[in-house]
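All chains are identified by letter, namely A, B and C, in their written order; residue positions are counted from 1 within each chain.
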Amino acid sequence: MGALSLKDLHIHYDRQPVVQDFSLDIGDGEMVALLGPSGAGKTTILKVVAGLLAPARGEVIIDGQVVNDRPPEKRDAVMVFQKPLLFPFMNVNQNIAFGLKMRGDDAARRSRAVERILALTRLAGLGPRKVHELSGGQQQRVALARALVLEPAILLMDEPLSNLDANLRQEMRELILTVQSELNITTLFVTHDQAEALMMSQRVALLLEGRLRQVGSPRDLFHRPADPEVARFFGGGNFFRGRLHEGHFECDFGRLPVTAADGNGHLRTATIRPEDIQLATAPVDLPDSFAGTVVRTRFEGMATRAWIRCPFGELVVLTAESALAPGQSVRLRLPPDKIRVFSEASSSE
Amino acid sequence: MARPDAGIDARTRRGPGPTHLALMLLPALVVVVMLFGGGLLLGVLQALGHLPGAGLERLSGMHFGRVLTDPDFIQSFGLTLYVAAVSTLLAAGLSVVAALALNRMAARWRLVHFVFQIPLTVPHLVIAVAVIFMLSPAGLLARLAVAAGLIETASEFPLLVNDRWAIGIILTYVWKEIPFITLMLLAVLQNAGGELIDVGRTLKADAWQRFRHITLPTIFPALGAASLIVFAYTFGAFEVPFLLGRTYPMTLPVWAYKHYSDIDLMARPEGIATGIVIAAVVAMAVVTAQALTRRARKRGIVL
Amino acid sequence: MSRPKAVLVALTVLAAVGLPFATLVIWSLADRWFFPGLWPQAWGLRAWSYVVTTAGGQVITALWQSVAVAFVTAVVAVLVALPAARALGLYSFRGKDAISVLLTLPIIVPPLSVAMGLHLWFIRLDLAESFIGVVAVHLTFCLPYAVFVLWGVFSNYNPDFESQARSLGASRWRVWLRVMLPMILPGVIVAGLFAFLLSWSQYLSTLIIGGGRLITLPVLLFSLMGSGDRPVAAAVSIVFVLPALVALLFSARHLGGKSLAGVR
């Protein structure tokens, strides 16, 4: 059982506000990613939940109880740090058993729990090893095992994959997902990698400059960003202004049917993801399209990114068409269902 | 002793050729081998009865034998061991407390951190002089005792220098060596201590458990190495026990020098032999420290 | 740490470190201070004027003697230590462990044992009772000490900067002067300062090799303690401790509070 609720957190560092107005509810067994660029205040929030930092204002509530006044050792939340931070003077077994020992479990019980968690984290047989004999990936798994063995209500992870290289990262990601669903531990993890956040979590909370910008399912954040900055964070590049009118967005690119609820006659900002723009090299291929000229291209492997000059401005397009050349004429079409019109409050950039 | 070798790359880096390396090391090795090694070797030879100028005489263990069987030697050895051990233990214990306190003290108490380092550079001799002025029967403390009405004359004041328990000597060493040990501990604590302590807290260790299971193992190798260095120094130092010690028994270094400078030239080899015994004891302490450090490094602790 | 606790620690440190110096300063300014007076009966500058003027400038001579010995020792120690420390700090080679033990052992083996052995040899080489002889005996522990400090400096030094500079067209000499030296300079200064202080504080080895002819400050201070003139002994003690304080101030101010860990 473990529900975490953060209410209106304000966190200061050296009297400078680092995080403001942060509220987030995480349900029992849920896995939430706290996403944001470095310096956004993600780790700070994690440390406040763990009890290593005190918030200037606001409440940390674990299972319905305000735990602000409890030191870290009295909170049912365990943190896995970015670096493995294994105790160098202990072997793997001793590291994993540390928390159990502090809690006062007897030796037999400790070794049973450690064996189980070693198997779960695919470390079986490595128990007697010295920690500096382990690979980076193994060390990170030990750090995870050391936290999991305590079966905390809340598991906090700070960039658990950032120190690993690409292959290990994928392996560790799968491991975390498996273990988390198996043990059903409420998990809040921090990452700066949007792909990681989208892949691993049930919900994503996006933090920009110390403020929570959007919380929602990975699909929500990716396809329905709340404001241009969120869209930009997820790789959106095309922003244009227009007016809402009777269910249509009237802009330079035409009169596009959209599903924006209200705001008739108001000036709004809209966006479309580069991969959603349709591109054709022959005019006949595309109805409702307009002309553009390729300015420059960049081959990215699976796709080609092209900067296209149109009569009304420049658009970035991600297309499977790999034979584009600067100066070439193309036709573009913006599918109306892919256009996202921001509401007024957030469109004022 | 603690090796300053952080050794990140030293193991793998391709160095210059062996000749080049030898040339880099040669000047220092020549000086150390000739002056230090030569000094010790000549000391051993003289202690074995060899007198340069008189040609190579038959070497004998006679002087070593005379030294080691002298009842005064055992007394001196015991006293020296006592002074070195008690000074080291006291300084080490207080250093742990000081290191923890200073480590938790914010950096803005810069003055305190600075003042704390002062004894590092102060010559032992100066502090020994100050200790005499403070603790001798006519010293500051005795005057305070009179003012407080505890005693009436200097002779009533308990002996704190040139005393049976070598209190003055030990106090001097403790004052001088605490910063040395503490700074070695602080370096370790500031490198690794903070983060590991945070880990310990989230893993539910209370304050005592964090000290016992994290801080202590972290600082232990450095503490051991620093303590052995202090032990080695206090075992072989002359100035402080010469000024603050009793005339009988003397510590080994004082005893050695007294024999060495005796008008009776026959006593000189015995003085040198005593010096060699001191060096041997100290060298053993160093070897132990090296072994400890190596073991610590095997366990993955960077000193 | 809570504020009252911090204040307590601060006061303890200040008192413990400050008390001996306060005692020395008061004694050096006391013309008459009979037992059991808690305060000198008469203040005066007798001791200090003795330090500056009397007895043929005995104190001043000793001061210069000490400075000369310590300075030459420190410079030679650092110059000889630099290449060795570079080899030890940057590279691994066969016999490194043995060499490291050999080079660090003299830091802790008491100079007393070495000086006694060297004395007869130095007499035959005509080095006894000479400046060079005393510098030589001080080198036996100051040089290993400088190696030890610089070794630490070099193991935190990345020679790839030199390769980078070479690839940018700098000559070997310029690389040493413009790349290596600025990077290791703070460490070199620390090594030099403390080699100086180590030599500066030395009593017995100076006495044995210098044979009472080379009067450095500590040698003088010992004879003053024997004579029982406390104010003068206190004043000379203060002179004796000054370079140590200056060195510490300097390193705190110009070396960015670089930790003196491992320094003694």
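By our rule, a residue touches a chain if its C-beta (ideal position, glycine included) is under 8 Å from a C-beta of that chain, and two chains touch if they have at least 3 such contacts.
The structure presented is a predicted model; accordingly, all values stated were derived computationally and were not measured.
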Under the touch definition above, the chains in contact with both chain A and chain C are B
Pair sharing more residue contacts (C-beta pairs) when A-B is set against B-C: B-C
For the pair chain A and chain B, the C-alpha centroid-to-centroid distance in angstrom is 56
Calculate how many whole Å lie between the centre of chain B and the centre of chain C, each centre taken as the average of the chain's C-alpha atoms. 16
What parts of chain B, by residue number, touch at least two of the other chains? none
Listed in rising order, chain A residues that touch chain B in their complex are 50-52, 71-74, 77-79, 81, 83, 85, 87-90, 98-99, 101-103, 130-132, 146-147, 150, 156
Per the touch rule above, chain B residues touching chain C in the complex are 1-13, 15-16, 18, 21, 23-25, 27-29, 31-33, 35-44, 46, 52-53, 101-102, 104-106, 109-127, 129-134, 138, 140, 142-144, 146-147, 154, 175, 180, 183-184, 186-187, 229, 232-233, 235-239, 243, 253, 256-257, 260, 271-272, 275-276, 278-279, 282-283, 285-286, 290
If you look only at chain C, which of its residues touch chain B in the complex? 1, 6, 9-10, 13-14, 16-21, 23-24, 27, 35-38, 80-81, 83-84, 86-93, 99-110, 112-118, 120-121, 124, 136-137, 139-141, 143-144, 147-149, 151-153, 155-156, 158-159, 194, 197, 200-201, 203-204, 208, 218, 221-222, 225, 230, 233-234, 237, 240-241, 244-245, 247-248, 252, 257, 259-264
What residues of chain B sit close enough to touch chain A in their complex? 192, 195-196, 198-206, 209, 213-214, 217-218, 220, 298-301
